[in-house]
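Labels A, B, C and D are assigned to the chains in the order they are written; within every chain, residues are numbered from 1.
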Amino acid sequence: MSLRWGIVPAAGRGTRIQPLAFSKELLPLGTWGDGARERPRAVTEYLLERMLAGGVNRICFVISPEKTDIIRYFGARIGEVPICYAVQQNPGGLCDALFSALPFVAAADEICVGLPDTVWYPVEGFRFLPDGRFSFLLFPTAKPELFDAVVTDHRGLVEEIQVKRQSPASRWVWGAFKLTGRDFSRLHELWIERRREDEYVGTLVNAYLAQGGTAAGIQRGEVYVDVGTLNGYREALRVLSDRSVIDELAS
Amino acid sequence: MSLRWGIVPAAGRGTRIQPLAFSKELLPLGTWGDGARERPRAVTEYLLERMLAGGVNRICFVISPEKTDIIRYFGARIGEVPICYAVQQNPGGLCDALFSALPFVAAADEICVGLPDTVWYPVEGFRFLPDGRFSFLLFPTAKPELFDAVVTDHRGLVEEIQVKRQSPASRWVWGAFKLTGRDFSRLHELWIERRREDEYVGTLVNAYLAQGGTAAGIQRGEVYVDVGTLNGYREALRVLSDRSVIDELAS
Amino acid sequence: MSLRWGIVPAAGRGTRIQPLAFSKELLPLGTWGDGARERPRAVTEYLLERMLAGGVNRICFVISPEKTDIIRYFGARIGEVPICYAVQQNPGGLCDALFSALPFVAAADEICVGLPDTVWYPVEGFRFLPDGRFSFLLFPTAKPELFDAVVTDHRGLVEEIQVKRQSPASRWVWGAFKLTGRDFSRLHELWIERRREDEYVGTLVNAYLAQGGTAAGIQRGEVYVDVGTLNGYREALRVLSDRSVIDELAS
Amino acid sequence: MSLRWGIVPAAGRGTRIQPLAFSKELLPLGTWGDGARERPRAVTEYLLERMLAGGVNRICFVISPEKTDIIRYFGARIGEVPICYAVQQNPGGLCDALFSALPFVAAADEICVGLPDTVWYPVEGFRFLPDGRFSFLLFPTAKPELFDAVVTDHRGLVEEIQVKRQSPASRWVWGAFKLTGRDFSRLHELWIERRREDEYVGTLVNAYLAQGGTAAGIQRGEVYVDVGTLNGYREALRVLSDRSVIDELAS
């Protein structure tokens, strides 16, 4: 039986939003209506909600050895879904963090990846990403130069990821992706061949495409907010306090 | 040379605003303009700012043995003022927490006490409290029945503290107080006599007054927000985003 | 490709050896000759050494949410073997702890289980346990009434586990075991049927045998020391300081 | 009323005995006979026992912001003596650590200082150090070149401290000292004048003597073991397991 994993890279130091007294993934942002009682919500719970809506049945957090407040907070499971924790021993960028989860994933498993300090809509976004292939969930944004802009062809296949490039050729940025364990291993092998030099996902995927790999870009995202900075945090507070703002941002 | 202490009772479990991944005293609330760079601000930093404005030259946090994130966050000092940490071994209410700091204070020292999950104005409030005597900084509030309402006579002396009483005789509640180490010791002895049964400050002070002790109520507070609940947290966000709201709340 | 897991249940509170300032699994015990330099060794490193000698290629620690010092100490891997961490949310005994790792194991995987506060010889003990079936590594002991004594028939199959029974019918106690992911799942289903009432492994295995399950008892252990008590700790210090004592204990 | 402080510098990183899963001051070493039940003993509890035997009524630990396991372990008090915690913000040597406690000490207070990773005899050693003056408790040792050897004149006054010098002129090393808050402040001022360059106590005291300060060397120590290295740890285990060895070491 193959599993459906959600991998949550949460090992980063959060230097863009310091000092915090805790891991930036645990920043309170909005609330849950928890039955009769409202309670604070950690920013990562937005991503977890989306992963659960997308059908994942296992979560793997990748943490650094010091960020154990994440374990104390989330513990054994989220809803009914069991959580395990892998460790990125030393800071080494997002690719290295993601591959820290690879040893625990089987080739036939499906893997959903998202960033724990982002809030995006629609909640069911992962459902637009098909099983069995590598695909990115794309979001329209007014400032694609701050992110990984994804250029797709007429069939929806990714041609190039433009990493924080001035005046990129697309205003669509990726906010989440999905792939099989097999493709995850292929990416890992490629990363090793490239001497582990890719810190972020974009350049590694470009190399993967150059080798003949394919990936789809699915333009079904609506709103994407990076909460990892103070400005993003404030924007997220605004988005959450007035959901009508979503249409405005997404338009 | 006598010292001017700020005592910060931060040992409570924060059951009114759970779950948080960290001590509730470290909840981010607004920002500091830190020279060139804005940075997040922990709620307790509002109280510390007020203590520094009031001239304290030593801070003593009282924490529980588990709330060590407070030490990692604040460390050795705030500004130029050295911090030490006392420990309340077991949950035992606010009085017990405060008296955990008593062994480190001398009779001639001045002591400012405030609550770390509150935000109040004016920032220089402690300056209205005189040296050498026991006095409370009072704030007008629309819902005094939720707090300790302080009834004063025509000279400004406290007659009674009405603890969470329906329809209290005063709309002024205390938000901070100041006393000498000598009076702090007297309160402690009285608390021991009363078998440590006073959990909160109000009932103990009433007993102190009944014994012939005196305390002044200084009606110089303007705005008082209890951030220890979700509703208070939201009110604080509102207060901080629009300082004009202060006059409204204070009127 | 099937994996070979070592599962390390490290969620217990260690009430038999308190107070310690850290998780009892991290108690220093002897040293490693670490190339040029000798360094302290945590008691769990004895079990991990035996798991590595037995060929495991993945480690899963089961911890409680508070025992995060284990993650800070071991981090991402031991030698070349990746570690992941599962969480036992609430104290619930050894069976519950072990099954917290089950969601991350595949049916075809092999699983080695040992106790992190024990030291036993020979180091290569796990190699005596065959793939593809449920088997226990048995150790002779002078006080089998303190442990799970394992009664085997003439073919070496387990007939009964006598849990802390006065005058047990065997002086052989189990110190480690091995089984497939498939059998691990069967045990879990049985445990659920029995309303999760088995706290320790012995009674659950007896029920498994009663249902027609089989397990082998392999009498290849030589020395077994339970380090989870002060007396055991001292015995372990003695064993390690004079390895000749092993023959004495094992005889 | 003046206080009698015990200051425990526990902010060091313990690089001589790594890796440990916890602060080196919490290394288990021997046991307490705790009424009916024996329990493990942290190495620092030897120093605390000696401070209590010497009459201290306040303890100040100096920790680094990360070494909060010390607070979880010791909490609010040891026996009846209240503990507070000061913080050394950045690693800066022993002098800097000690002076982190200075803001909480009054001029008239007496201060006992010892090192938390040492075990020495006799237990009542601090009682040989008089009130009102600066004095060192000296221990005979076979390897004074590893420590601070203290040269005294015929009246018992310190002439010089020879820091880790080959073939020092004395085989007596200091293991603890006592001074008033006033002298502690004088040392601090001198340290500031010398640009905070003294990392260890010996060179600072030599400068103090050169300025006309005086200190006594009291040769009443018997056994001194530095537990901060693996070899010292083993020697301490030997000393504790066979107290007769003390006479041998002390002779």
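Annotations
Keep in mind that, in the parts below, contacts are C-beta pairs under 8 Å (C-beta built on N, C-alpha and C of every residue); 3 or more make two chains touch, one makes a residue touch a chain.
Every value quoted in this text rests on a predicted model; they were computed, and no experiment measured them.
Farthest chain from chain C, judged by C-alpha centroids: B.
With centres defined as mean CA coordinates, chain D is found 51 Å away from chain A.
The distance from the centre of chain C to the centre of chain D, each centre being the mean of the chain's C-alpha atoms, comes to 41 Å. Multi-chain contact residues of chain C (touching two or more other chains): 72.
Judged by the touch criterion defined above, the protein chains form a single closed ring in which each chain touches exactly two others. Working note: touching chain pairs come out as A-B, A-C, B-D, C-D.
Considering their complex, residues 17-23, 26-28, 31, 38-40, 42, 69-70, 72-73, 230, 233, 237 of chain B touch chain A.
For chain D in complex with chain B, the residues that touch the partner chain are 1, 58, 60, 63, 65-66, 68, 71-72, 75-77, 82-89, 100, 103-104, 106-107.
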